[in-house]
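I am attaching a structure below and will ask some questions about it afterwards.
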Amino acid sequence: MTKGRLEAFSDGVIAIIITIMVLELHRPDGADLDAMRPLLPVFLSYLLSFVFVGIYWNNHHHMLHLTARVNGRILWANLHLLFWLSLVPFGTAWLGEHYRAPWPTAVYGVMLLCAGVAYRILAGAIIRDQGEGSRLRAAVGQDVKGRISAALYALAIPLAFVDHWISKGIFVVVAGMWLVPDPRIEAKIREGAEHS
Amino acid sequence: MTKGRLEAFSDGVIAIIITIMVLELHRPDGADLDAMRPLLPVFLSYLLSFVFVGIYWNNHHHMLHLTARVNGRILWANLHLLFWLSLVPFGTAWLGEHYRAPWPTAVYGVMLLCAGVAYRILAGAIIRDQGEGSRLRAAVGQDVKGRISAALYALAIPLAFVDHWISKGIFVVVAGMWLVPDPRIEAKIREGAEHS
Amino acid sequence: MTKGRLEAFSDGVIAIIITIMVLELHRPDGADLDAMRPLLPVFLSYLLSFVFVGIYWNNHHHMLHLTARVNGRILWANLHLLFWLSLVPFGTAWLGEHYRAPWPTAVYGVMLLCAGVAYRILAGAIIRDQGEGSRLRAAVGQDVKGRISAALYALAIPLAFVDHWISKGIFVVVAGMWLVPDPRIEAKIREGAEHS
Amino acid sequence: MTKGRLEAFSDGVIAIIITIMVLELHRPDGADLDAMRPLLPVFLSYLLSFVFVGIYWNNHHHMLHLTARVNGRILWANLHLLFWLSLVPFGTAWLGEHYRAPWPTAVYGVMLLCAGVAYRILAGAIIRDQGEGSRLRAAVGQDVKGRISAALYALAIPLAFVDHWISKGIFVVVAGMWLVPDPRIEAKIREGAEHS
């Protein structure tokens, strides 16, 4: 039950984050297609952030599925993750408005890196509570995907000052990497469903 | 439980979409009735979109009711649907501001068409997981209503450049078609409730 | 379960309505107390609307508690109620900005009246599904409080053009009338809890 | 079930409060790091308020966990708490914009004090319903932490006119005091979980 409320609150916050971003997509000033053209980078930033927040929701959902109970440390690790995610609308708005400048791209990367680190801290807090023989530990394993993502974000940040398109390409690659379903975790979940 | 969280998240996103649209209904500049007159098209766009989003929530609710479990593909098909729905406040604001222009009407139609297609993709993903003998497949049948709606949207888009009122009339007709309760699905649900 | 999702969605919409109203409470232009003075009517409108939306949430909560199942008609009657409630932030913003003018006060009254009527329609749809011997019918009885409220709103609308303070006084009286807990309904609920 | 809906509604409102605050973090006007500098006080106010709202969510969560049922009085005491919390985005925006002025700091303190008092009123309403031998009464005890917090807020309000940094330091100290997990309540909860 405690866990249920953590999920409900996280769902609420993530649902709001993913939806208020669209408020940055201001209606065009004119009534024809030309008026929509300047919105294209804003729209693409929105799309990218929608996918990233969707990935976090998805992974959060799977992780909590393998979590039996929560404690104070987990609650705060979860809020810490939500804090970084809550900055996504801000970073997205800046990226959409100044999409050719290095700083908004770099700051967007920093934001993703911090959210990624916060996610690992949350996973660590859950595993610490469950013990090392936990189902989540088994499912996550060495978390190669998480480590690669973090390394790629860390790479994308300085590269924004070389060519911001490289950094943006990296963001798209990382998003794609997570969109492809992870058969191992899905298998674990099916297994867990059978055992419980 | 997994399904419960998908519903909760979708409810959250749809609730936010349906509610933040009202933020476009800015308070009138003056204090008398004349000041409210320019709000009329904005209000009517809001009403139309409220009904459309309500229909999606309603149908989503019924569809998930006939769904026993979810997988990664279903989660992403659902997020894909929510993405198109999340653009409704944007399309509504543009339509309300420039309601006599063809482009906002056409773009509104595109948005509805994409949401309709996304809904069918989601239904397909669920049926694929359940197998062809599934309850949802039986309830949806040939999905005549969905096909007619999609055809009407596809018709409304080019017609906006002939006379935007025709397109708007089509939107109202489609909305009315869904507002009338569908006895077949309700029957299936009652049946399902008895069996479970 | 179907009912659970109706409640969850309604909770989401009402939670958003009650919270986004505060966005109208813009931060003062200056840094001292004088800068806050023009916010007073906006704050008081917010407080009044917060109480009204809170009353609706409260009553909705009690009504659904006495409802065993929902059908298509109930879903739409519920969305109809949420539609009128979703206009509250708009009405509140206008009332707060032009609090001495008759029109915003009258429109606020119309809004409350429509929400009240929508609430009765929803109650009627539930009772119609449950049958006249239903628990909700017994709890609601002749709904004297609801009828008096509607009559008072209907009175407050024209009176706004005589003296807007009278109308505002009526709104406060109606709110107060509902804030006092209704022992009959609470008793029915306790009773129901014992039987179920 | 009744309690479940109170939690769901509170979760919704708190999730919205914690998330819409980020809308005050407007995207910088320029594209470089200098453009972000004026956002620093806004960001720090956001961080402080995020932590405070997080603490309230956390404590609310624990308190409701020890609550078996709710009544009309508890529903309104809960709405009263949510009302004060709903003002946090307003107070945070003012504090972030005029962070060196005494009034925004003092008003922020008043807001926290009112929320703290509302929390105690809610705890009192629950204990009154459960009786003095209740689990919540045992867990809360003399509520030394709550009393100290209230006293510190009350101190921070006048001190804002002496040196606003002292008041801000007090806010940070109170937040830190609550961030450290409370072993007594966690113990009670674990105990309760075993007994139920």
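Chains: A, B, C and D, in written order; residue numbering restarts at 1 for each.
As a working rule, a residue touches a chain if its C-beta (ideal position, glycine included) is under 8 Å from a C-beta of that chain, and two chains touch if they have at least 3 such contacts.
As the structure is a prediction and not an experimental result, all values here were calculated from the model.
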item: Superposing rotation of subunit C relative to subunit D, computed on C-alpha atoms, to nearest 5°; value: 90
item: Interface numbering overlap (same over half, different under half) for subunit A and subunit D; value: different
item: Subunit B and subunit C: spacing of chain centres that average the CA atoms, whole Å; value: 26
item: Rounded Å distance, subunit A centre to subunit C centre (Cα mean); value: 37
item: Multi-chain contact residues (two or more partners), subunit A; value: 8, 12, 15-16, 20, 23
item: Touching residues on subunit A, where the partner in the complex is subunit D; value: 1-2, 5-6, 8-9, 12-13, 15-17, 20, 23-24, 71-73, 75-76, 79, 82-83, 86-87, 89-90, 93-94, 97-98, 101, 103-104, 107
item: Complex interface listing, subunit B residues touching subunit C; value: 7-8, 11-12, 14-16, 18-20, 22-23, 25-28, 30-33, 35-36, 47, 50, 54, 57-58, 61, 65, 179, 181-182, 186, 189
